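To keep things simple, chains are lettered A, B, C, D, E and F as they appear, and every chain counts its residues starting from 1.
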């Protein structure tokens, strides 16, 4: 059984979370500390490839059957569906324009890979196993929310101005974006080579993983603080949305996870995915497809509000609740 | 020396390809790109942090013949649409006229 | 098209914030920055090695209305003081006059 | 303000040192370099991938006195030879004439 | 004995090769995946320094005698000589101009360090030992081919236009280029400190080596695919050259390796060196010395055709053939 | 007992020092070898965070009492005081202007973190333990020297021209600069999580530490050589100062260390701190506060003269002397 308090405190005392807090404090006090962008990108490539490989190798051990299908379908459905809920809430509770609300909602249907990775680390720390194919869910959930978001945005546009929904560069951005390639590609590599093949690269991809995550979260703390400082378009209502929307997403995720028969660990991860908001793939797609939507709203909200909330409070909270329900 | 026009565009990075296409279609024979720029304007500080490219600017530079300069400007302007960016033009002298 | 002034400043990186403040205070509505530049001049080769930023240059670019151009230049000049850097100005044409 | 000439050269990175030498020999008192530029022209897309620098462009910028501008241009042109690159010149105003 | 099929399949299923394939696919489908250039350069510095250190430390163990000399001389001779063969073939079988043919031929006399590193990894995987001083050969083979290439290019130039063959910056580029400094410097460090000294740095330079190579080859796959996509000057005849020339180089390398008495492992590596084509040092030298030669030919050929061929097919093929000859 | 000769030779034969020499040689012969700036910055973030964490974790084990206070106070006092000595010497022995002498002296009161890290590595290699709170001293010594330097510089300025000593961006630069945040932040993380928490990140922050230092020193060698090559304002007297000032600083450091009761290892480290000169934080502060001071003097002096001296000769020399005094 997971104890919510001890889970939260072990979370708070892990080097990764403390590194995030350090970065956030440094950013908040306007330290000149800065992780070069090339390093940030390099670390994120590493993390995505490594988590993919780990999942693939573990799938090679556990084998794969048709029983993973319900989970994968659930992931896609959730990504399509959650933006509808988010959009409804935003139109009800805030004054965002249609296009801004649609853009924000797409972010909440999609996922934050770093939040997910932090959650897997949390589960490893407290010795809770999870299904390998959850990693495939991450890749599957990135994109559908974008489609829902764009369709919601069209409600605000006169019908004759509606061009084709997707331009070629957007399609590429959506289906072949770096994260998906690395996650699924790493997954395939891990699966093809199996745990034996992974052994040769594990001193690079497995052993230092948590340390790399630590460095990466330091930078995420800096970035989140900077984004929040620079955010001028965030109203109180919107900030509140960034705090309660993860909880709502979490409820859908937990329900779906239990429904399709995921383990406790797998359900926690699906919950985290639903609770998290994208800040890499979706913003880029939104700039191309909805230039009118203000990036000064959706990026600080997802990166500066929801991301810290999930990493600091959300993950242990979801874990404890799901554990309480199941046991 | 021959008089040409230099067109410079500072635009959010995700729109760079559209600007390039627009310029080339209007007859620009070449261009240069400064891939990372920070900036500030009506849309607030833009500094490429946060991995998404959504806060990155790039600078597009093209030397074009006077005869097509207005077309190139118009085309780029249309391509940018509501994206974040600015465009300006100035006079330059070149040695090899046929290159541009 | 409308005539504006483009002010460009190459300055040691640690002074960039002061240049920006000076320009904005004098009325510049926006600016762009090329964060890493190497260079050479009276103060010798400047190439940003050695971690300290003390040998790094940056380029500040701002398009401003003719009416305030001299003020912006004067203000930046005062802000640079004895720091390492140069400043120059040129004419550019823009489409959207109200943006600058 | 004093009128000077700004000479800009976009050239493949391996030739940067030759351009610098040529400009300095012709009397340029200083210069700035933007080390990484991508571009496209008669020689196709140039994007510095592949570790060799053979596909990298750099931009050389020098403000020089009108009296020597033509010499500098000629010298650089000779140094570039058959290398990949372009050169253009424009007018700028500076405050401190003696600096350039 | 090395079985060609099992060697090839174990090669294909190694995480490094799969990472290369992943990168190539991503580049081919124009994914926006991109490894920052600073990371690529950092990884290549790491790989060259590490491989040098490894060789030096192993030399410190095995000791060094005059018996290494024939191998080193053979390496230099091969680098001088192979461009002549390549040039002859190009003038016979393609329509490249003299200067283009000369430039291409220089690339094939020189070596690809990454191909070499991949081959050492392959040998390690199948437990085939090799001589430490082979790593010195890599450094020795980088440069001579450039000289041959430049002399061949002069055939196309009126004799009064012939200036001095080498300008100062070219000499520096050739003798003190980064790869040579790192390889030989790492070699010297490894040799001076010996295996004991290496122990303290092995958690960085030895253990994660294969994982780093994995990440690097992912990027090489991307770059190779991009170069190939952008290649417009490559005719069919030239592409064919990029595929048969490695085989011809390999024959020379294998013959020389056996002649000078290298072990099976050492012979395989010398073969790989002869089969491989430079895409770092030589292109830079060619731009300076032969600006008329079209980089749109020699770079995509060496990087987009020969490199993938060697990494995917060449290495296990050469290994199996040499093994068959010897045993 | 530490034998000065064997200490020096073991220092010279460590991979880290050899890597520094390699870099310096490459820079001296104008090799095109170059470590991308993003990598350099990434490595330095790693080193500072790691050394901080290590110290914090070790403090969590050893416990902390009031007995650390004298050491911390001594560190601050030394940083304030050493610039006075340095300034006196410079005015006496060189022709530097007041403002140049003041700027240089600030560098020598502050510290070089990389020299410090190299010294900790040296102690680890020769199995000499040191107090955990020495790492806090590093952070404490960075800043006070800047204040002394600025006050010295005012002696050359007419009193009515004296504005406020510190502008807001200078205060931030001084107190929240990246090094301080990383050192103290890492220290706090290490202390909060303790050795157990560190275990999860040790394959990243502890095991590869010396290898990373190796790569970093390679780059430092390059940078030091470049700076020295480009230095035209350095007179013989100033260069000599860069060589004898570390010895003078060392004497103060050693005396203070013994006085406040540090162990041999701790005293050696405090000595190294006093002997070393800043080349990251102080130059940036000097450019802002004393733009008239010529960076062409203080940076090559600190980076090209004093840094190599300390790394190659100083560290083993100080260690042997202190050991001789104590035993």
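Here is the rule we use: contacts are C-beta pairs under 8 Å (C-beta built on N, C-alpha and C of every residue); 3 or more make two chains touch, one makes a residue touch a chain.
As the structure is a computational prediction, the values presented were derived from the model and not from experiment.
J.: State the smallest step count from chain C to chain D, taking one step as a move to a touching chain.
T.: 1
J.: Would you mind checking the shortest number of contact hops between chain A and chain C?
T.: Shortest path length, in steps: 2.
J.: Taking shared residue numbers divided by all residue numbers at the interface, is the value for chain A and chain F over half (same) or under half (different)?
T.: Different: when the shared numbers are divided by all numbers used, the fraction is under half.
J.: Could you pull out the chain whose C-alpha mean position is farthest off from that of chain E?
T.: Taking each chain's C-alpha mean as its centre, the farthest from chain E is C.
J.: Could you find the chain whose CA centre sits the greatest distance from that of chain B?
T.: The chain farthest from chain B, judged by C-alpha centres, is F.
J.: Measure off the straight-line distance from the CA centroid of chain B to the CA centroid of chain C, and report it in whole Å.
T.: Taking the average C-alpha coordinate of chain B and of chain C, the gap between them is 20 Å.
J.: So how far apart, in whole Å, are chain A and chain B when each is placed at the average of its C-alpha atoms?
T.: Measuring from centre to centre gives 34 Å for this pair.
J.: Please work out the Cα centroid separation of chain A and chain E, and write it as a whole number of Å.
T.: The computed centroid separation for chain A versus chain E comes out at 41 Å.
J.: Mind pulling the residue numbers of chain E that touch at least two other chains?
T.: Counting only residues that touch two or more other chains, chain E contributes 36-39, 41-42, 203, 208.
J.: Where in chain D do residues touch at least two different other chains?
T.: 34, 36, 90-91
J.: Testing understanding: with touching defined as stated, what is the shape of the graph linking the protein chains, line, ring, star, complete or other?
T.: Topology of the interface graph: other, matching no listed pattern.
J.: If two chains touch, include that pair; go through all of them.
T.: A-B, A-E, A-F, B-C, B-D, C-D, C-F, D-E, E-F
J.: Can you name the residues of chain D that touch chain B in the complex?
T.: Residues in contact with chain B: 8, 10, 34, 36-42, 57, 59, 73, 77, 86-91.
J.: Using the touch definition from the top, list the residues of chain D that touch chain E in their complex.
T.: Listed in rising order, the residues are 12, 14-15, 17-18, 36, 43-45, 47-55, 81-84.
J.: Show which residues of chain E lie in contact with chain A when the two form their complex.
T.: Contact set of chain E toward chain A: 13-16, 18-19, 22, 25-26, 29-39, 42, 125, 203, 207-212, 214-215, 218.
J.: What residues on chain D touch chain C, complex-wise?
T.: 1, 4, 6, 20, 29-35, 63, 90-96, 99-100
J.: Along chain A, where are the residues that touch chain E in the complex?
T.: Those in contact with chain E are residues 36-39, 41-42, 45-46, 49, 53, 172-173, 176-178, 181-182, 185-186, 188-189, 192-193, 197-198, 200-205, 208.
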